[in-house]
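Two complexes follow with subunit A in common, the first pairing it with subunit B and the second with subunit C.
Then we have the complex of A and B:
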C-alpha cells in the first residue's frame, strides 16, 4: 500500500516539472520577442527629451527654482523683513536685517541667500506673509565658483510682482506708512477721536 | 494646603491663590491676558474661563473666570471642558476683531503673548467682516514705540504704569470699543520703568524702540543669562546679540532680586557695548603717537610690571575676577580701590554693617515686604531705581493688611485698592531735594545733609534712649517722634541709606536700626545702597584705607612710577587736578578698559578689555549677593577679558579663577557656589545660546566666505555659541532665553517657577557672601556734620540722575536723549535774592563750571543740589558751600528732559 502511494507521487512530480518548464519556455520566448518588437517600434516614437540648451523646455509656473524678491503693484519692495522665510528655511541659508524707511515701511537692509545651500524646498515662499519671496521656474544657476552662489538683495529683487499680481501688504495691514494713514487700510474705520463722547 | 481637582486629577494647592495661579503653577496651559503675577487679578479679559462643578455629582457645571475664583479646598474644575474651550475661543475671536493685519511688521511677533494665546485657544480665521476700529499713535519718547491698533484692552499697561510703578502720565481714555491707552498729549513717558510696558503688554502696543532700530526676532538672538551693570542692585537680564552687535536687554526673572521688572537705565543703557568709543586694539602711546601692540607684547608689559613694583587701581564697574587678577598681579599692599575716599569709607562701613548680626540687608523682594520705611539722604529712584519700584510696593502693605482683615484675597487687586483708597504704609524721606518717591511718602524732610543727619540721630535717640542724643529743630520734634513711633510699631521696618549722604548718614542709619533691634531682638532690615555694580566686591578686595586718594598721594610722593588702572575713569573719582598731576608724575600708566575715557587718553599703554556681555564674570550687589553673568557674544577684536590680560598664567579659566578667589581672598568664601553644577547637564552636553529656531546660520557670513566657519567653541562656560546642546528645562538660571512649548513670550517663565511669582525651580540664584560675624557693634557716636560757618553761601548737595549719572549707560544714544545738562536746584527765595530766574546759566563758586538754574519750590532756603552731568562738572573740586554768579540766560541747554514734581512755575 505504502509502496503504491510513493510511485504515484513520483509520477505526479515529474508531470509538474514538465508543465512548469514548458510554460517558462513559452513565456520567456514570447516576452523576448515582444520586447524586441517594442524596442524596435520605439525607434519610430517622438522623443521625450529636448535638445537642451539649444531647445528650452516648458517650465510650469509653480516649479520651484531660483528664488526672487518681488515688488508690490506700486513698485515698492514687498519684503518687510519679518524674518519668517529665514526661520522656515531648513538649511538656514537666508539671512537678512530689518531696517525702516522714513515712510515707516520695513525693508531688509540686506537680504542674502546662499544658493549653494538652498534645496529649493519652497518653505520660504510658503512662510512669506507678503508674497515677496517667490520661487521661479528658472533653474540655470550653476556657477564655476561657489562664492558666486551667494546672492544679495540686488541680485534677488526683480522689478515686477512675480506670480501674485495684486497683493499689497500695506493696503491690508494696520500699520501707517506715508501716504496711507491710520484707518485708510482695507476694511478699516477712520481713527477714533478719544475726546469725543459720541458712541 | 488645599486639594483641588482639575480635569479629574487631584492637585495640592495654596488656598490663598486663585485658580489661574494654581493652574499655571501646576504647569497646565490656560490662556490669560489681564492677570499678571505681580499685579493680581481684575477679571477684565475673560480669557481664563474654566468650568467649575459644585460637587462630584454635578455634571453641568458653570463657567467661572479662573483668575477671579479662589482655589478653595475641594474645588472641581475643568480646563478641557468643551464649553469652556469654546467660550475661550469666542473671547479671543472678539478680542481679535480689530487687530490689525501686521504681525510681520510688529516687533512683538514671535514672542507675543497674544499670538501664543490665540494659537492655544484655536482661533485662526476672522469671520467678522465689518470695519476695524483704528487709533492714532503717539510719540512716547526715545524708548517706546506706540502702535495702538494692536490693543486688546487688557488694561495691563495702566495697571503696571500707574498702579504698580506710580506713573502719572499714561491713562486709559475714552470708552467701549474706543478705549485708548496713551498720554494726554504726545511726549516722553516720564516713569523710570516705562520699558517694562514692552514686556507687560501682551501684544505689540508698546514695543522697544531701541531694539526696533536694529531689530531681530527673538529666536534669532544669541542670548545668555547676564547681570545688569547699571547700578548696585544687580538685576538679572537676558541680553541678545545678532550679527556681532548687542541688540536688546530683557528682564530675566530672579525672585529675590528684580522679579519681573527692570528700570529703563538697565534696559536701554547697553549700547555702549556697540559704541564707536570702544577700545579695539592695544596701543603703546609715545608722545601722542600710538603704535599697535601684539598680544605677546601686552603680556610682556604685564609680566614686567609683575616683577617691578606697580600700583594697581581697581574699579567698582569691573568684575571680581578682573579686580582679583589685578590684586594678584600687583600684590595686596599695592592694590587700591578706584573710589573716592568718601565713597570707599561708605563701602567699608557698608560691608561692616552687613556683617553685623544686628542688621539684615534685605533683598529687593524683602524690601517689598517692609511696612514702615525711612529713607536717609538717598535719591533711591536715581541711584538704585529697581529698589524705588520695590518701595512703591512696600507702601501697599497697609492696603494688604486692611484686605486681610476683611478677608479679601491679596490677588483681588481692584478690591484691595478700592478698600485702601490712598492709605499707605508709612514712608519717610529725608533728602536734600524733593525725590520721585515723595508722592507715596507720608513725611518728607528736605534740608541740607547737616540738618538731615541731625534729624536721623534724633530719630535713633527717640527710639532708644541709649542712642547718642541729638536735638532737632523745634518744628521737626513732632516729626521725629512720629517717625520713631511708626518704625517701632511696624512689623517689618526698613531703613535705607546710601553713600550720597556720606558715612555720617550711614552711621545714623545704623544707629536707628540698632535702636529698633534693641526692642525687637531680631535683625532689623537695613538697606545700604552702593553706587556701582561691583562697589561691594571691590570694597571686599581692597584693604582698609586703600582708596584712590591714598593711591594718588603715594604717586604724588614719587614712591611709585608705574600704575595699572583697571576699567576706571579716575577723573570721575577724584579732583581733576590731583588726578592729572599724579598721572604726569608717572613714568608708565597702563590702562585696561573697554571704552575711551579721560583716563585712557592719558595712558602710555592702552589695553582693550571686553564689555559685560563679552565675558563671563561675577559681580556682588548691594546685599553681598554674588551673581554670575555669562558671556553672551564674542568680541571680534583684540579685546580680552581684563583678568586674562592681568593673569600671567595662560591656562586660566573663569571657573578656576573663581575657585581661587573664593579660597584666597578674605570674605569671598562661597563664591564658587555661583558656578553651575555641570553634573546636572544631560549627557554632559552644553547649553545652547541660540534657540532651536536660530536662522541664517549658513548665510549670515556667506558674503565674506561661502565656506562657513566652524562654530566658535566656548572654553569658559557650559554654554555653547551655537544651537548645539540641550536647553535645560528645569534650571532657568542657565538658560539662553525663557521658552516653553506654546509659550514664546517672556510669560513662559512660569514654566520654570516652582510656583507662579515664586522661586525658580532650582531655588534662589546667587550666593550671599557677607557672612555675619559673631559680635555686634554698639551705637556709633554722635558725629554731626559741621554746621555752616556763615549764612552767605548755599549748602551744596550732589544730585543724581538715572539717565546720566552712570558712566557707561550715558554712552547709549537713547539714554543720551533723556539726559539733562548740569543743573543746580535752588529755592525760590534764594533765587530771588540772587536775581536768578528759571533757566539762567550760573557759574558755581569761583570755578569755571556752569550749570542751569532750576528753581524748585520745595528746596530748603540756603541749600542747593547740583547735578554734575556726565562728569561735566568736577564735583570734587567744589567747596561744600557755594555762591553763584549769573553768566547768562541759556534757553537751549535749559532743563530739557528733567522730570521733577516741584518745578517753580513763577516767572518761567
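Then we have the complex of A and C:
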C-alpha cells in the first residue's frame, strides 16, 4: 500500500517536471523563436514612412492647421469682430479691434494671431458665429524670427469662402446694414410694432 | 612591414577597424531596427545616412562633459574608460585571419573571460560613483547579472576547449577544419550566445540600464564623451561577442573561395545583425526571471553539456 502510494507520488512528480519542462520549452524557446522569425519577416514589408519634404503626406480636410479669415460669397469680410474667438482661445493668442464701415457692417480694424502661442485647438473656429475664422490643412509655418510668427489681418485674410461656400452672415442675420433693412433677411419676418394695439 | 601576428601594421589596423566598426554600428543598428519596424531610420545625412555617425560623434564630442558635484570624481571618470580598455584588450587574442591578430596567446579563452569579468567593474564603479539611486540600482543589477552569467559563459566554452584540446583561439579555429563546433557543441553555442548577450548587456538582457524602469541605469549621470564611451563600449562588446562566436563555433575565418578575412567579417556581421534582431523582437524579462533562468536552467544545462562532451571524448579515445 505504502509502496504503491510512493510510486504514484513519484509518477506525479515526474509528470510535474515534464509539464514544467514542456511549458518552459514552449514559453522560452518556441515562442521566442517564433517572435524572432515574425519580426525578421517585417524586413520584407514596405516601410510606412512618408519621406516628407519630397513626398507630401495627404492632409485631411479637417486637419487643424494654419488659421485663415475667410470672406463671404460676395467677397466681403466675414468677421464681425464679435471677439468670441478671442474669448474662446485658451492661450489668448487672438487680438482684434472692432470698427464699423459707413454702411453699418462691423469688421476688425486689426486682427492679430500670435502663432507662437496658438495650439491649433480649433476652439476659435467653433466659437465663431460667422464661419469667418477657419483652420486649414497647412502646417508649414516655421520661422527663423519669433516676431514673424505674429500674423496680421492682411496675412490671415484669404480671397475665398474657405470650407463654407454659401454662408453669408448679413443675409441671414437680423442686423440692418445699408441696402438690407430689418426684416429683409432670409426667413426673417418683417418687424412688428410691439407698441401698437392694432391687430 | 608585413601582415603577421603582432606586427605594428596588424595591431594598428585591428584597433582602427574595430573602433570604426563599433562607431558605424550606431548607424547599422538604427537602420536595421527601423527595417524590422517598418520605418526607414536615419537616411538623410550623407549617402544612406552614413554620415549620421559623424554627426553623432560631433554632437557627443561637443556636449558638455559634466561631472556631478556629488559624484566620486576619480571612479566616475575611470569607469567608462575601463569598459573601453577591457574590451579592446579582449580583441588582442581574437584571431581574425591567418596572420591577422595581436597575440597568439595560449590562454586566449581564459584571457577573454577574465577581461569580461573586469568589464563588470566599469558598470559597477560607474553606478556607485554616480551617487544616484537609479545608477545604484542599475549597477546592483549589473553586478548580479554579470557575475552569474560569467559562470556558465565559461563552462559553456569548456566543451569547445575539450574538443580542440587548447585554450588558444587560433588553434581552436584550426581544429574546426572538418566540422564547425556549432554542430557537436550546439548546446554550448546557445548558452554562450545567451550569456554573451547578458554579458554585453544588450537587449533583451539590458536590465542594468533598462530605461523604462530605472532611467538609464548605471550611466544615468553620464554625459558627453563619457557617456559616449559607455555607448561605444557596448557596441564594442557586441562586436567582440560576435567575433568570439565566429571563432569558437563557426570556424573563424574558414570558408571556401573568398579570402579568410572576408569570411570572418561575413560571419561576425551575421551575428551582429542577429543581436540587433533580438533587440527588435524580444522584450526584456523581469530581473528575477533572468536570474532564475540563469541559475536554474542555463547552469545545469551547461554542466550537463560539459559532462556529456567529456564522456564522449573519453569513450572515443
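Keep this in mind: the second predicted complex is superposed on the first by the 165 of 199 C-alpha atoms of A that agree within 3 Å, B and C clash if a C-alpha of one lies under 4 Å from a C-alpha of the other, contacts with A are read in each partner's own complex, and residues count from 1 in each chain.
In this text, a residue touches a chain if its C-beta (ideal position, glycine included) is under 8 Å from a C-beta of that chain, and two chains touch if they have at least 3 such contacts.
In this text, all values refer to a predicted model and were calculated from it rather than measured experimentally.
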Touched partner set for A:187, first subunit B, second subunit C, both or neither: first
Between subunit B and subunit C, more extensive residue contact with subunit A: B
Which superposed partner A:49 touches (first subunit B, second subunit C, both, neither): second
First (subunit B), second (subunit C), both or neither touched by A:18: neither
Partner chain(s) touched by A:172 [first = subunit B, second = subunit C, both, neither]: first
Subunit B versus subunit C as contact partner of A:93, first or second or both or neither: first
First (subunit B), second (subunit C), both or neither touched by A:36: second
Shared subunit A surface residues [contacts with subunit B and with subunit C]: none
Subunit A partner contacts - residues on subunit C that touch it in the complex: 34-40, 277-278, 280-282, 293, 297
Residues on subunit A engaged by subunit B in the complex (per definition of touch): 80-84, 86-87, 89, 91-98, 100, 106, 112-114, 116-117, 129-130, 146-147, 149-150, 152, 169, 172-176, 182-183, 185, 187-192, 194-196, 199
In the complex, subunit A residues that touch subunit C: 24, 28, 32, 35-36, 38-40, 42-43, 45-49, 51
Contact set on subunit B toward subunit A in their complex: 99-106, 109-110, 129-137, 147, 149-150, 173-174, 176, 178, 180, 182, 212-217, 219-220, 243, 693-700, 702-703, 705-707
